[in-house]
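Below is the structure I would like to discuss, written out as structure tokens.
For clarity, chains are labelled A, B, C, D, E and F in written order, and residue numbers in each chain start from 1.
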Amino acid sequence: MKYPLTPDVKPEFCTTGTFMRLPSQKHDAKLAIVGMPFDTAASFRVGARFAPQAIRQSSMTLFPYHPIHNVYPFEQMNAIDIGDIPVIPHNIHRSYELMKESIHELMSKGVIPIGLGGDHSVTLASLRAAAKVYGPVAMIHFDSHTDTWDTYYEEKYWHGSPFIRAHEEGLLQADKVFQIGIRGTLNHSGDLQASLDLGYRLITTGELSNRGFEDVLKEIRKTIGNTPCFLTFDIDFVDPSFAPGTGTPEIGGFSSYDTLKMIRSLTEFNFIGYDVVEVLPSYDPSQITSLLAATLVHEFASLAALGAKEDN
Amino acid sequence: MKYPLTPDVKPEFCTTGTFMRLPSQKHDAKLAIVGMPFDTAASFRVGARFAPQAIRQSSMTLFPYHPIHNVYPFEQMNAIDIGDIPVIPHNIHRSYELMKESIHELMSKGVIPIGLGGDHSVTLASLRAAAKVYGPVAMIHFDSHTDTWDTYYEEKYWHGSPFIRAHEEGLLQADKVFQIGIRGTLNHSGDLQASLDLGYRLITTGELSNRGFEDVLKEIRKTIGNTPCFLTFDIDFVDPSFAPGTGTPEIGGFSSYDTLKMIRSLTEFNFIGYDVVEVLPSYDPSQITSLLAATLVHEFASLAALGAKEDN
Amino acid sequence: MKYPLTPDVKPEFCTTGTFMRLPSQKHDAKLAIVGMPFDTAASFRVGARFAPQAIRQSSMTLFPYHPIHNVYPFEQMNAIDIGDIPVIPHNIHRSYELMKESIHELMSKGVIPIGLGGDHSVTLASLRAAAKVYGPVAMIHFDSHTDTWDTYYEEKYWHGSPFIRAHEEGLLQADKVFQIGIRGTLNHSGDLQASLDLGYRLITTGELSNRGFEDVLKEIRKTIGNTPCFLTFDIDFVDPSFAPGTGTPEIGGFSSYDTLKMIRSLTEFNFIGYDVVEVLPSYDPSQITSLLAATLVHEFASLAALGAKEDN
Amino acid sequence: MKYPLTPDVKPEFCTTGTFMRLPSQKHDAKLAIVGMPFDTAASFRVGARFAPQAIRQSSMTLFPYHPIHNVYPFEQMNAIDIGDIPVIPHNIHRSYELMKESIHELMSKGVIPIGLGGDHSVTLASLRAAAKVYGPVAMIHFDSHTDTWDTYYEEKYWHGSPFIRAHEEGLLQADKVFQIGIRGTLNHSGDLQASLDLGYRLITTGELSNRGFEDVLKEIRKTIGNTPCFLTFDIDFVDPSFAPGTGTPEIGGFSSYDTLKMIRSLTEFNFIGYDVVEVLPSYDPSQITSLLAATLVHEFASLAALGAKEDN
Amino acid sequence: MKYPLTPDVKPEFCTTGTFMRLPSQKHDAKLAIVGMPFDTAASFRVGARFAPQAIRQSSMTLFPYHPIHNVYPFEQMNAIDIGDIPVIPHNIHRSYELMKESIHELMSKGVIPIGLGGDHSVTLASLRAAAKVYGPVAMIHFDSHTDTWDTYYEEKYWHGSPFIRAHEEGLLQADKVFQIGIRGTLNHSGDLQASLDLGYRLITTGELSNRGFEDVLKEIRKTIGNTPCFLTFDIDFVDPSFAPGTGTPEIGGFSSYDTLKMIRSLTEFNFIGYDVVEVLPSYDPSQITSLLAATLVHEFASLAALGAKEDN
Amino acid sequence: MKYPLTPDVKPEFCTTGTFMRLPSQKHDAKLAIVGMPFDTAASFRVGARFAPQAIRQSSMTLFPYHPIHNVYPFEQMNAIDIGDIPVIPHNIHRSYELMKESIHELMSKGVIPIGLGGDHSVTLASLRAAAKVYGPVAMIHFDSHTDTWDTYYEEKYWHGSPFIRAHEEGLLQADKVFQIGIRGTLNHSGDLQASLDLGYRLITTGELSNRGFEDVLKEIRKTIGNTPCFLTFDIDFVDPSFAPGTGTPEIGGFSSYDTLKMIRSLTEFNFIGYDVVEVLPSYDPSQITSLLAATLVHEFASLAALGAKEDN
């Protein structure tokens, strides 16, 4: 049977519990969906542990073919959905370890993971795995927040700190990190400087809007080139109107149309992993946030399929 | 690995897409969960096609052991969840055929199915399968409606008619059919008589309340005895307060506590199949209806496990 | 064409905008549904102006025949739905006048109105109309609150005061007023005494539960006898579980089953009008409150039809 | 009384059950609102049968005058709302026949219908009526999907196929069909080719965004000219953020502002009918989707009124 | 302790009931948040009385620093939240009086109020206070409606009339009033003329979109200059997609991003008060409307802080 | 000013952010409401950190006087609401310490706390405080679960273990602990035995229903007598119909009416503290769960006031 199951084979409402009804294992898989249902590190609204499930459900209306990139990403990549990593709520360190191990196992076999968060701290686990396989990596980070705050009541590990921790642990090539879409009020006037001090390039919503993404993209391409790169997408990059179901929404973001255009232009990078995080189903009554996230997963998979083609 | 997966093995929010994370196949299974996501035959609100998925999700908080019956039903029965039957929306006959085949395949191997509807017309498919294996069967039917109306705008097959059709097709032993919980307004003064004319025993909410279920149960036991019997449960048997997510709610029903007591007393029957139908997730914002349905599935499985014990 | 339109004639989801798709006028009508979308007198949550619309929508699943009373109430009474009285939000007095006139016009022709509130102050308008036609009337009042507070920030007319105002205006036979279901916290220890001082009989949830409604009913029958009587039903009489959509819910109420039993036993009274008030659609996501209200309207109509039969 | 009833005459929350409280019949009507509550042909989420009711409710806040086109469309056209066509759920062919007859009866008297769907297959019924009166017609089709898939599990009639069926039945002038707003993933790489093979002009979201609607409009005008033309609007043309309540939402669509601009520029066509389809109230908690649909109906009526003026 | 309490001091979910956990009084306050929970003057949906509470809750995720204006507005202004003015539902005049007094008390001490409505009629109370202190003021008014209708069923005071009443009472410098964002259907062709007749400058969504806000802003600056000016923001200025929770939404509005840009450019005005009105929590399930309102309050405070800096 | 503020003084919708608008401090307070917004120890649904806020909001419709106990509990006890303890999400131990300290500070001054959870693990903090002041205490525990599981993935501290931990720490007089309302499926057949092994008395829903609470109460009274006793109430004791907003609902529970009767009969105990836990606002769209919780707080306060009277 060809995968993902298409509506030809089984009506869309017949679930199997996996993303687009992918198989959970397959010989020679090059792409894997990975549920990362950890949300203990969130500081405000919690419940992103139910996001992987919601994103998979919303994936049921997606079709296999990407008409703009001209790929069947899941088929071409022999994609699988390995299910949810059994994280332990309220045990941050053990959960990170479990996630790191799963991601590492995939990456070490050359499988590209697409993580379904979870709060944004799950990306730290992925970066630990990535660094073990690839050394320090580049990162393109879509978000309304930099997530480079230090401690939260003396806690070092929370969803506001993954990218300061990643830096300290040497997981990133700091000069090849782009944080895109930053906006909103801040705790202190120096908050954004924290990112700059780490060596990251920070592009606010204002700058992005003024320059246009094409111009920004040139800068990113020139800087990152072919360096192994992780793409992390916090759903609150998008305006709350398009993504109401999230933990710390920030008004004044981009539309889903703008977002798709940006993501679709990210060809010719050497992405070694992706994730979409901070989807919160209990604030998403019409399920448009999880549909957006599911569509982004399809986009990421298409970028991966394009990359695989180029390699051949 | 022992099944169902318990929270010991994997946190409850880590889905696998099956009921209580049962495996989808297993050697020597004696019990099978079967998704029957068909809702085209509904006359008012539609969308019960999403019920199997919602019930499975709500099953995640259930634990394996039933303390009152002292059974681990899913483990003892080697239970599986075969997923959703790929019914065809707006093709009633082909969908019934697909459902009948799946159920028949299970029953003919001695596996007891627990169907997750779907509108109530899915039960007709199950009864067709049952009659093929067991001949005409007895039936205990919990519902606020008799579902013995004849045609709906000349349509013979819809969710108000399964039990007149089943009678015509000779699938039931009419004198061993109990319809319990009937209440609400009627189209014509003769509507209830239709059931009586078929030979069914009809017990209204009023009679049930006055006599008490124990007394009613004696009558049922005496009548049905050890005849192969199908148990069908329309969630609108319960009051809308306990089951708001349903297509044609009827106020003035029993509580979930009363319901559990009734179901738990149905030991020593020879049930050859069960279903729970008419759950409608889009009217169930707090998911209490799907939790009720999931709990009933656990209860049915426990009755099955008790029955299996007795057989040995 | 016979009315109300039944699902035989037109599927239930085909609206006409009236209660059970009744005609808006008819020769020789003896019963009229009347929308009273006034909610300005509410002190806490507002929005009951949308209740008549919601109750009508929920009425679509009701059928014409009442199997316990053996009546087709709407057909037997030539019932009509005259639509919504065009009340003026924030003009209490003019709105009362408009409502009084509409109700009076009906009553003076011998038509029995069933009002769909609106906040509870709409009953004052109905009582004014009733008194003009029948002189001071008896009243059976289901509610968790007595609504006999005096002023609210010096305002005399609000939804907490209709039954002190009605008393002052001489609209009620005080010794023939029963307030049933009273419960909950109070502003002052003397609050309930206010009702008693007016001469009303006050029956708390506790007393009702202890004595049983049959016993209470005997007392009511003996007291009211054949006096023209108004039945007013505040939906918060019922527990919030059964009626979440209301403005000032009070936990610890009766079930919808208990409620139906009580209402069904109110035969042989001389009811000259009914209403159901304080339904609040914006807090009723599953529409079970409006269904409860619609079912009560059917019950009231059935009582009216029974009364009409007795008269002949 | 002038129609539609304005808030001058009756407060907006006083319903009559029709669109903007139009009368249900009127001498010399030239425009008619028509409820088409059929949703059995939907393949995923169902429930659009409740859309006509929801759109009518949301129409209550609209006012009669269109300030940009300077028309009072409903008054000028003597508009009526004929209510819901009593379609038969799960009988596709009979339902199409009923809808075709109603639409035909209007069109044959020169009345312009504005259909309120229902799933998109209801447009097939309208096109059958149109072709009978006008011969094959032109069509402007706003949608994220082409709806030119062929069969769905061997079913020829479903909401993904109306425009291949219409072509086969000779209802359309294929070279005068514009499908605008197409986007999203596809089942097969050849899916869009299917439309092109039929001779339709397909304009994706990308093309529309790049060229601008003004440029596209020139092409449409040149091609269609004065040919009798049907305008069909699937609400999923708009981004899910603006229209969350729909059956198969597709992210990356246009805003409601863009949409209004496009629709308002469609003057000087010879529209012989309009519809708005695929609104799904159960996924529209804030009722913004039904408000968008109601506003579009006002826009369509305004285009019709402008057209009528031009004729004189 | 420094105020507002930041997440450093207390986690965001620990409420105190005030906006951003400001103190309720403070020596030398120059800015005050003021709850104006009055909604009786609304003509359609009601319930904005719960908006101040909802906006305060959503304010919990805001941080103190505004990175674009480089201010800590609440700290610099010694801001306080004086709580809700105890308005009297259904007593319009007394409520206006209470609100006027509170606002006047603040303004007369040089404190700038930011009002949290309530329906739009609360602005009349603020303007009365302002005129008493400053004489007739200029006004910048963001809204989809002009709110210059005259009477509503002979009622002069309602949420559609504040700016005709303000004019009659001499509270405004008519030639320095800008109404921005007007759109949607109208009751009569002359409706917009009513504003022009008063001498107001009316800028429709179309004009604003065509000219761009920068160009409009020049005109506003030139006209208003340093005149004491009130800024009133009806949340329905923004498209319903971004602000679903409001009483009379109007599709085709601006995005939250556009809105922020406009508001941020309003520097160098002499604002003596602000408000944000018509937020309706019961239609705002994901709380994005109240978050938008809370963010606007932060923006207004930042403008005030900038203004205060300039003064020194 | 007398406290709590009653609707006489300020309309109910005018918030102050405290329970029933109590002051946050007061000389000679004997009762204190304490927010305990900790939910990191929950194993399934999370978000109870927002419960204190939601319960306070729902408290606005409560009135001061308890008519059955004839007390004004908050006034008589000089009650205060000290706000939310600033717990640290994802730091269980530090959070317990912070909560313990706050509760201890109150108890050591003879103030009776009523805790608003939070997940059920917050009770461990209260018991630590209690034991420090009173030595090991008795406990009456309403719940559907025993919360005496040991570890959760080797974690000792989670919301399923507080009462095994409390036992190990010597905080309870084990023979004076009653766990009431236990029901539902279990992980292992020995799960309930765990409680019995600790020496607790466990009363299932079945036993409670069969014996009646009066009989159970006699046993409790006899056992506990005048021992200092803590009352902890998990909202899932009540059926999900009455309390849909909770983390691990269990069908088949008691009604709110039954619950009130039980709580009201708990006079003459020596309660030194109370709490209500596991309210989850994001699953409580109609706010009936938080209203139930708020009402229980009023009941607890009334028991406290009665106790204080007895002492004098």
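By our rule, a contact is a pair of C-beta atoms (placed from the backbone, for glycine too) under 8 Å apart; a residue touches a chain by one contact, two chains touch by 3 or more.
Treat the numbers as computed from the prediction; the structure is a model and nothing was measured.
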Contact-graph distance - origin chain B, target chain C: 1
Chain F and chain C - chains in contact with each: B, E
Reference interface B-C: repeating pair among E-F, A-F or C-F with over half of contacts shared: C-F
Chain separated most widely from chain D, comparing mean CA positions: F
Identity of the chain that, by mean CA position, is farthest from chain A: C
Approximate Å spacing (C-alpha centroids) for the pair chain D, chain F: 55
Centroid distance [mean C-alpha coordinates] between chain E and chain A, Å: 38
Computed distance of Cα centres, chain D from chain B, in Å: 40
In chain C, residues with contacts to at least two other chains: 11, 13, 43, 49-50, 88-89, 152-153, 239, 241, 255, 283, 285
Category of the chain touch graph - line, ring, star, complete, other: other
Which pairs of chains touch, using the document's own definition: A-B, A-D, A-E, A-F, B-C, B-D, B-F, C-D, C-E, C-F, D-E, E-F
In the complex, chain C residues that touch chain E: 39-43, 45-47, 49-50, 88-92, 94, 152-153, 155, 157-158, 282-283
Contacting residues of chain E [partner chain A, same complex]: 6-8, 11-13, 60-68, 70, 72, 239, 241-242, 255-257, 259-260, 285-288, 291-292, 295, 298
Chain C to chain D touching residues, read off their complex: 9-11, 13-18, 35, 37, 49-50, 52-53, 56-57, 83-89, 285
Contacting residues of chain A [partner chain E, same complex]: 43-44, 152-153, 184-189, 191-192, 205-206, 209, 239-241, 244-245, 248-249, 251-255, 283-285
